[in-house]
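What follows are several structures.
One chain, chain A, appears in both complexes that follow, with chain B as partner in the first and chain C in the second.
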Partner chain A sequence: MTRPDRTIETPSPSPARGTAADGAATMPYPLVPERQRTAGRLRRAFARKLAIYTGVAATSAVLLFPLYWMLVTALSPRTRLREFPPRLWPEEPQWDVFHDLLATQPFGRWMWNTSLVALSTMILSLSVSVLAAYALSRHKLRGGQSLGLFILTAKMLPATLMVIPFFVIFRSVGLVGSLWSVVLAQSTLIVPFATWMLKGYFDTIPDELEQAALVDGCSPLGTIWRIVLPVAAPGLAATALYAFVLSWSDFLYARTFLTTSQSKWTLNLGIATLKGEFITDWNVIMAGSLMAAAPIIVVYLFLERFLVGGLTAGAQK
Partner chain B sequence: MNWPKGSTASVIDFSSPRHRTKFGYLLMAPAVILMALIIVYPILLSVDISLQDVRIARVGGASEPWTLANYRWLATSAEFWNAVFVTIKLVAVVGGVSLAIGLGTALLVNQRFKGRSVARLLVALPWAVPEVVAVVIWAWMLDSSFGIINWALQVSGLLSAPVEFASNATAAFFAVSAVMIWKGYPFVSIMLLAGLQSIPEEHHQAAQVDGASTWQRFLYITLPGLAPVIGVTMVMTTLWVFRDFAIIFVLTRGGPIGATSTLSILTWEQSFGFFRMGQGAAVGVVTMIICALISRALVGRFAQSVH
Partner chain C sequence: MASIEFHGITKSYDGTMKALSDFSLEIEDGAFCVLVGPSGCGKSTALKLLAGLEPANSGRILIDGTDVTDLGPGKRDIAMVFQNYALYPHMSVRSNMGFGLKMRSIPRAEIDRKVEEAARLLELTDYLDRRPRALSGGQRQRVALGRAIVREPKAFLMDEPLSNLDAKLRVQTRSEIVRLQQRLGVTTIYVTHDQTEALTMADKIVVMRDGVIQQIGAPDDLFHTPANIFVAGFIGSPGMNFFRGPIEFEGEAGFTRLAGARVRLAPAANDLAAIGNGEAVFGVRPEHMTVNGSEEGLPLTLALVESLGTEKILHFDMPGAEHAVMSGEENDSARRSGLLARVIDDRRYRAGDVIRIALPPEKIHVFHPETHQVVP
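The block that comes next holds the complex of A and B.
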């Protein structure tokens, strides 16, 4: 009597397994046991991970080697740089190269000049751009669209052309050799850049807040100052940094306007000239390069998200 | 507001809707004036200079009569056509290689894995290095007697004698390309990564359900979705190569014998190397027109987003 009972019970195991078996029967690959399948999946996932990490490691190694090499060279003793094979690791780091640099070259002066130029350009461009960008974003103005297109095109102007009329103008007003010449010339690129970037940020901020402030009796300028700018602070910071980085990296204008007096040089001009003059002292040149690149790299590492956001914002539209 | 009637008449109340537009123009004024002074006027002046047969141009006083001499010089000058050729070659090499590596990198760091944000940070780092610094590092690595690249090439048996990157025309061109790719390709990968992230995940999932292979998904979903961003990025890279000055100038100064002399370098060398500003400005104006034509593609795409 037990047998018929069993035969009735066996075809009905747990409902979950039943559906799994049914599904397996209709699927194209039902024959591989489940444990083996997960093993295969794990192996494939592992291979994928391995490929990704190898790819990332190889790419970063190749890409970052020049920067690493700058560091190693800066810290190597001068004589070691003429030995083969090159040493890939600085055995006894020579930190006094930075002292040498500051003592033998007006390096501190160049750093000061560069900071001064970058900060002035940033402040000048931003204070003008914020207002224009706000107007372009919020007010429907006649000529607003053509101004927008003009700004966009101005970003593409070849600086090597602009430098000619600037030289002529600055010579006639006696600005050649002054840091202001570089600040003004750089603004040709940075004002359009900043205006365009800020307009993008303002466009993303809904204007209800401002309407409310205006209704509550806040003046239009007060609204910009108290409501819009605080809300747009991340965008402002990104744009300011961007302006700073662009200005810090300039070489063309400094090379054209500032060559005459060494005390007016910027870092980039100084380093490029060192490269021309002191071919053998690569450790000194690399130490200088390190100091010129470090502020920008630090800014980038901490604020990559802002900078990249600003960079790609325009392209996404 | 209980102001006497007389005083309200003299002060424009910008918060009233009637004067809203005026306020807009007022906000715009400083930027417009500044741009007129530092962009529009210099451009007009450079066109003016390019039409004068001058060595060192001046403003004010008697200017030279207008002539097309500089443009006639352009048309017949071997230097100019060489610069056009070098620029096109450089655009092709730098643009092509940057796109290939940039796309590869973007696809790589778009995968899901631990440490992805650090990887994204690292692969874009050269973008943040000032151009002059980038060039100086590479100049040292490419040094003909003690540079590590020459050493590596010789040790690996690829070369028997060191390459003189400064005096060999082909080597100098590739050295310039290498630096430009190193400096410029992170921008391409940043842009393409942003493009990849804007492709909806559902498209991939739908294709996967339909049985599309990885390669098919790349070909029929990723690439078409990425096409506009690729277009914008390539236009911007092209414009960058056209306009760049620092990398080539510091590395080779356009040499040897013009092998790396692009239109930008020629513009500057004519104007400030030989002080023939008329001819330099003519080269520059032609470069500007080419850049404007190239950027039309870009501006056209952006035009809708301006209001």
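The block that comes next holds the complex of A and C.
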């Protein structure tokens, strides 16, 4: 709400303040101070915006610099990589590095394996998390809160701690060397956090929606499928993205369970093998890393608003 | 259309506090029954039990003579309108209204026909393809009603459906619901905490408190012959005036005292004598306290005047220690420490004036001071 500033009082040549010489009604306050005030407000708004944009630009520069440097390294000739001072952009970008990588390495196979692992992990962990989160959100179980917190403790264990027991279990059931080993191991890490993300989202959905569906003749499972999940779509998208990104970027479990089976290597494992004992072509590794990161970047660009919305909705409860 | 019966229903959420205690009620086919009471009185619980959304601990529920106590909500053939409308946000108005029919595998063409018919009735035709978020509160309310009526259920259950609307729209929608119910003739159970809604809409009102039915009756019956202090204070706005006083006799007539004057009572001397301890709680509605132009009547000092144009609410100080504090458990009007009178005249009243007030004996309700029940 705006409020007239009554502290500014300048002598007016007109016979009565607020009345023009011809008697027509005018603004009751002098124009010049109003203009000055407007200019001051504009200056302050501009300064505020400038500060915000500067901050955003600086943060973006810091965050995007590694990506930029990966690209510069990938396009630089191998002999120029250790030049000092480094060049901000190579004189003759070596675009062939991407082609050579695809031609000399089974990059397509790695990409396919990684996609299988990421999608399977996403589907498996989402299926488990949705049911667990729904139960924790809707059913008032004795000790339900403690159970929920206990589930979260699995997330607190470092992944390296789980490697040995996982290896023993997978070896005993013959899963070592199978992509399923990575899917299952990743899912155990993702399910606890995904459950809590989804629980927070389900908590925001009013019970009356489900009650209305039940009265309308929907079964309890039908209510989840037809009402709860569509309403929770942003939360599901955020959780799916979280699961996809985490399993896509896995290295530890793939390195442990898939080393002996070269046809099952994932992108990160394959790229790591490009590092030689005596000579390492960093430009090739960076080219591979860029191609491995590209799908994630594209998915992020499409789903970023869902991710933020989903996380916020979960945080409110 | 169907009759509805509750028989000895008991419900407790935690095993100790009873949300409903031995709740028995019969609602006739086609009736508009309102469950009314303060928050936590169990009225919404009763509705949820009838809908099948909550299980009862004991007792039976019958719809149209069939025991539905163990049936799920979808099999009871009832429709419910919720306080926050509970419209499915990801569906259009058309899909919202047709959802119940779709769940019952009704052919698509028939669903469309029924939805469009209901939309015409509720003036929603232009909004059928919109999502609920693109509608106003009143329109959402009508969609919720539409979702209920397309199903042509045996009964409508309405859980405070007007409480999210502004005052003007509430009054308008109130009459629309009554007209709709009369036109369709479907048995309706309506839950509210607003006694004005109850009085204006119901054929039958059930006043509840702490999970127990206090009184069942037509609006006029509850207003004129309340069964106890709670009902007397809850029904009516402003609520009934209460004061404590002695019971005196002169021949066959009973009297009490207020502001030093004797006030004649209507009940028979035998009934008054049965109260036992020589004291009672008396109630009189503000509408029944009349300003007396002569020198007769109780001299009361005017503390405040609320003028609504021709109608005025006069606030009088309670003389002496005669106010009827009810141990803090009764409703607000029973704890009020003054007397109110509602008058319609052109006289100018000023705070500090001493006004003569007449109390017609037949309008004074006498309540037992311990049981709080009315003395007939």
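Heads up, the rule we're going with is that the second predicted complex is superposed on the first by the 223 of 317 C-alpha atoms of A that agree within 3 Å, B and C clash if a C-alpha of one lies under 4 Å from a C-alpha of the other, contacts with A are read in each partner's own complex, and residues count from 1 in each chain.
In this section, a residue touches a chain if its C-beta (ideal position, glycine included) is under 8 Å from a C-beta of that chain, and two chains touch if they have at least 3 such contacts.
Everything numeric in this text was worked out from a predicted model, so none of it was measured.
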Which of chain B and chain C A:Val128 touches, first, second, both or neither: first
Chain B versus chain C as contact partner of A:Trp248, first or second or both or neither: first
First, second, both or neither for A:Thr59, with chain B first and chain C second: first
Chain B versus chain C as contact partner of A:Gly108, first or second or both or neither: neither
Winner by number of chain A residues touched, once chain B and chain C are compared: B
First (chain B), second (chain C), both or neither touched by A:Leu214: both
Which of chain B and chain C A:Pro206 touches, first, second, both or neither: second
Doubly contacted residues of chain A, that is, touched by chain B and again by chain C: 214, 217-219
Partner chain B, residues of chain A touching it in the complex: 48-49, 52-53, 55-56, 59-60, 63-64, 66-67, 69-70, 73, 81-82, 84-86, 127-129, 131-132, 134-136, 138-141, 144-145, 147-154, 156-169, 171-172, 184-185, 187-188, 191-192, 195, 214, 217-221, 245, 248-249, 251-252, 255-256, 268, 271-272, 275, 282, 285-286, 289, 292-293, 296-297, 299-301, 304, 307-308, 311-312, 314-317
Chain B residues within the chain A interface of the complex: 14-15, 20-21, 23-25, 27-28, 30-32, 34-35, 38-39, 41-43, 45-46, 49, 57-60, 105, 108-109, 111, 113, 115, 119-141, 143, 145-146, 148, 151, 155, 182, 186-187, 190-191, 194-195, 198, 229, 232-233, 239, 242-243, 245-246, 249-250, 263-265, 267-268, 271-272, 277, 280-281, 284-285, 287-288, 291-292, 294-295, 298-299, 302-307
Touch list for chain A against partner chain C, complex: 206, 208-209, 211-219, 222, 227, 230-231, 233
Footprint of chain A on chain C - complex, ascending: 48, 51-53, 72-75, 78-80, 82-84, 86-90, 99-100, 103-104, 147, 151
